[in-house]
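What follows is a group of structures, each given as structure tokens.
Two complexes are shown next, each including chain A; its partner changes from chain B in the first to chain C in the second.
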Partner chain A sequence: MSALAALLRRAPAGAKLAALAIAGTGVMAIADWRVMVDLALLAALAFRLAGCGTDALGRQLRPMLWMLAALFLVQGWLVDWATAALVVARIVTLVLLAALVTLTTPAEAMIATIERLLAPFVRFGVDPGRVGLAFSLALRFIPVIGEEAERVREAQAARGLGHHPLALILPLIVRVLKSAEDVAAAIEARSGHDDPGRAAPSRSVW
Partner chain B sequence: MAAKPNPTLDIVYIALFAALTAALALFPPLTLPVIGVPITAQSMGPMLAGAILGARRGALAMVLVIALVAIGLPILSGGRGGLGVFAGPTVGFLLGWVPAAWVTGLLHELGWRQLTSISSFTHAAVGGIVVLYAIGIPVLAFQAGLTLKAAAVGSMTFIPGDLIKAALTAMIAVSVKRAWPIIRPAAEPSA
Partner chain C sequence: MIHSSLQLPRPGLQSAAGSTSVPLPAAPSPQASGAGRIEISAVSHRFTDTPVLRDITVTLTERRIGIIGANGSGKSTFARLLNGLLVPDRGRVVVDGLDTARDIKAVRRKVGFVFQNPDNQIVFPTVAEDLAFGLKGLGLGRAERAEMVTQMLARFGLEALADQSAHKLSGGQKQLLAIAGVLITKPACVVFDEPTTALDLRNTRHIAGVIAALSETAIVVTHDLDLISGFDRVLVFDAGRIVADDTPARAIAEYLRRMQ
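Then we have the complex of A and B:
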């Protein structure tokens, strides 16, 4: 593992996010497209040095490829090619740096950082514990709803209802809404009182 | 059903609609024959969250989706996720989900008693298209260094798909209001 990989994996999530914010502001000050393209190449190199691999690099850039190509052509045509290269290289650099932070930080560390960043907002009625609960619940529900959607789809196909989007989404939503009260009751039963902040899975943040 | 506010239930609704919006990414995209622009089911998320949960919970569900994307979950259509999304040119159309759900929800709350598929469609179109594009287009122009006009023209190709989504949302919202209503307008006398 390279020194960069070790550094990125050990650095606290908050520090990485702060560094990313500074980089995001910093690249706006660069006006020379050649410098920007070099930075984009450096970001790609850092991706490899961090041990994230070429696969991860492709996964980040492939979904944006058409968008970036269109942007390059439109910019080159409407403004000039130097600006086109500058804008595209800037987007690629930031996307890669941001992906680097995400790939080297576990989701739990990110959630813990979010809860800590929310601490100053307690006086405005924000409850970090509830926010943490919302995150944990959503992480739990995503695979469940995916499975549920698959089940509804199979049931509709069996009844010959085919692929009509309404036939799929409507029963899914009604099932989801009906389950909500049971889930809420279960959370309150387990926490023993009606303060949902305490019901969050025990995870020491402070 | 008791009408008193239940904060735990609200959190469950918010988390469920965040997860539902994530699950909408799994639906295969529909391609309109004439325009050739793929329509993804996912951008129905903000319209549905607003139309079914109301302004506050709907907007918070979208905040949660965006936060889940930010912490790195690949839940956007095409398997996108992570902070890289926020550096991309179309990030305004993601961040705009919050006010889009809020406005869609507010209009549904205001017109709840006389809700029809037509009025629900209008509410969803104002929130999920007018408000969303009002945020997405300037951000696209800024991020990509385009003029507002060029960004607007480029975005227009997605309008037909979004109109279809607003229509689907309206049909769902009216059915859900009949089967399992969640929104309780503030003006309604407590039962």
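Then we have the complex of A and C:
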């Protein structure tokens, strides 16, 4: 494990989130596209040095490629190519730094930090526990929903409906809502939340 | 023909890749002693205008209770009454003297619930983090929580998967994690809602072995008749009523007769 990897994995989640916030603000102040591109390359290098691997780097950037390409072309056409490079390099840097923090921080530590940060807002009705849980659920269920979407797409493709967006979106929404109901019941059952009678009035529980 | 799955060999769980074998839990929780008595008195429940349970009165005291019935017969709804996930429209459910309508927190500490789809029950990204979730509200210190997670990982042979993404587990491993996530809070009774529905034969047998090895009371809703054939008592549901309440052999025979 490299020194950077060890440092990132040992550093407290709060320090990493603070560093990310400072870095995020800092890159907005950079106006030279060459410096920004260098920073993006440095972020990619840090990604590798932190032991996150080239695969993870690809997973972070691949879904964004079309958007980045479109952004680059639009900015280049409407403003100039230097600005286009600056904007794209900035987004890549921010995404890689955020992914670096997420991948090197256990969700439990991240959630504990979020709960600590939100503690002063309890008096305004904010429930840090619930926000932390929501954060955890997002991390947990993004890949699950992706898998559900793939199952629906395959099922619809088998019926000859593979390319119709509604054929994917509507069943996916129904499945996600059904799962959300079950997840809520499971959280209640496991955490002992005092919410009797939150009956899920669904035939599916039979 | 009904076979007792508990007499069958109980191989370890296989990972998605088929390379990781997870042994049976080494030892049950020493604190668990089983819920003494669950009383269901004159319970009826309906969803909108549809009656789902009709005037059910039954007392559960056995350590292994199976619940079978056709789809839509009300068995899963009945199971959800037992730890207060549902409160009946009419009647009472009392667990060791605690009414699910009033003492919901205490009831949920006593009665854990394992859902049919473990994907919906696992709420944290990694195995160890998910196990720790159930302990959060118990007022335990960080070190104590970590110790309990370590013990539970060891009990279920999940140590090697502790930091693995829950998403990447096989179906059997997910169900095992879901069970461990419930057991870590040391409930006296665990209700299982069709725990083997989505599993292959090997993992079904393994989960059957896990349930058989529990020191906790187990109430199992299932369509898998092998799973409950060695139980103490089996209830058969039909159209919202208990139509048979007997030994497994007699209750299953009645169920099969009704299914013809």
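FYI, the second predicted complex is superposed on the first by the 126 of 206 C-alpha atoms of A that agree within 3 Å, B and C clash if a C-alpha of one lies under 4 Å from a C-alpha of the other, contacts with A are read in each partner's own complex, and residues count from 1 in each chain.
Just so we're on the same page, a contact is a pair of C-beta atoms (placed from the backbone, for glycine too) under 8 Å apart; a residue touches a chain by one contact, two chains touch by 3 or more.
For clarity, every value in this text was computed on a predicted model and none was experimentally measured.
Shared-chain residue A:190: touches chain C; no touch with chain B.
Using the contact criterion defined above for the overlaid structures, shared-chain residue A:20 touches chain B, although it does not reach chain C. More residues of chain A are touched by B (comparison of chain B with chain C).
Legend: residue contacts after superposition of the two complexes on their common chain; A:137 is shown touching both chain B and chain C. Of the two partner chains placed around the shared chain by superposition, chain B is the only one that A:176 touches, whereas chain C remains out of contact. Contacts of A:87 after superposition on the shared chain: chain B is touched, whereas chain C is not.
Touch criterion met: A:107 reaches chain B and chain C at once. By the document's definition of touching, of the two partners only chain B reaches A:75; chain C does not.
Of the two partner chains, neither chain B nor chain C is touched by A:38.
Chain A residues 107, 133, 137, 139, 144, 179, 183, 187-188, 194, 196, 199 lie at the interface with chain B in one structure and with chain C in the other.
Listing the residues of chain A that touch chain C in their complex gives 106-108, 129, 133, 136-137, 139-140, 143-144, 147, 179, 182-183, 185-192, 194-203, 205-206. Against chain A, in their complex, chain B makes its touches with residues 6-9, 11-16, 18-20, 22-23, 26-27, 30, 41, 44, 48, 52, 60, 64, 67-68, 70-73, 75, 78-90, 143-147, 150, 154, 168, 171-172, 175-176, 179-180, 182.
Considering their complex, residues 47-48, 50, 52, 71-77, 80, 83-87, 100-101, 104-105, 108-109, 112-113, 115, 117, 119-126, 129, 132-134, 136-137, 165-167, 181-182, 185 of chain C touch chain A. Remark: chain A residues 20, 24, 59-60, 63-64, 67, 71, 74-75, 78-79, 83, 87, 91, 94-99, 101-103, 105, 107, 110-111, 114, 130, 133-135, 137-139, 141-142, 144-146, 149, 165-166, 168-170, 172-174, 176-181, 183-184, 187-188, 194, 196, 199 touch chain B in the complex.
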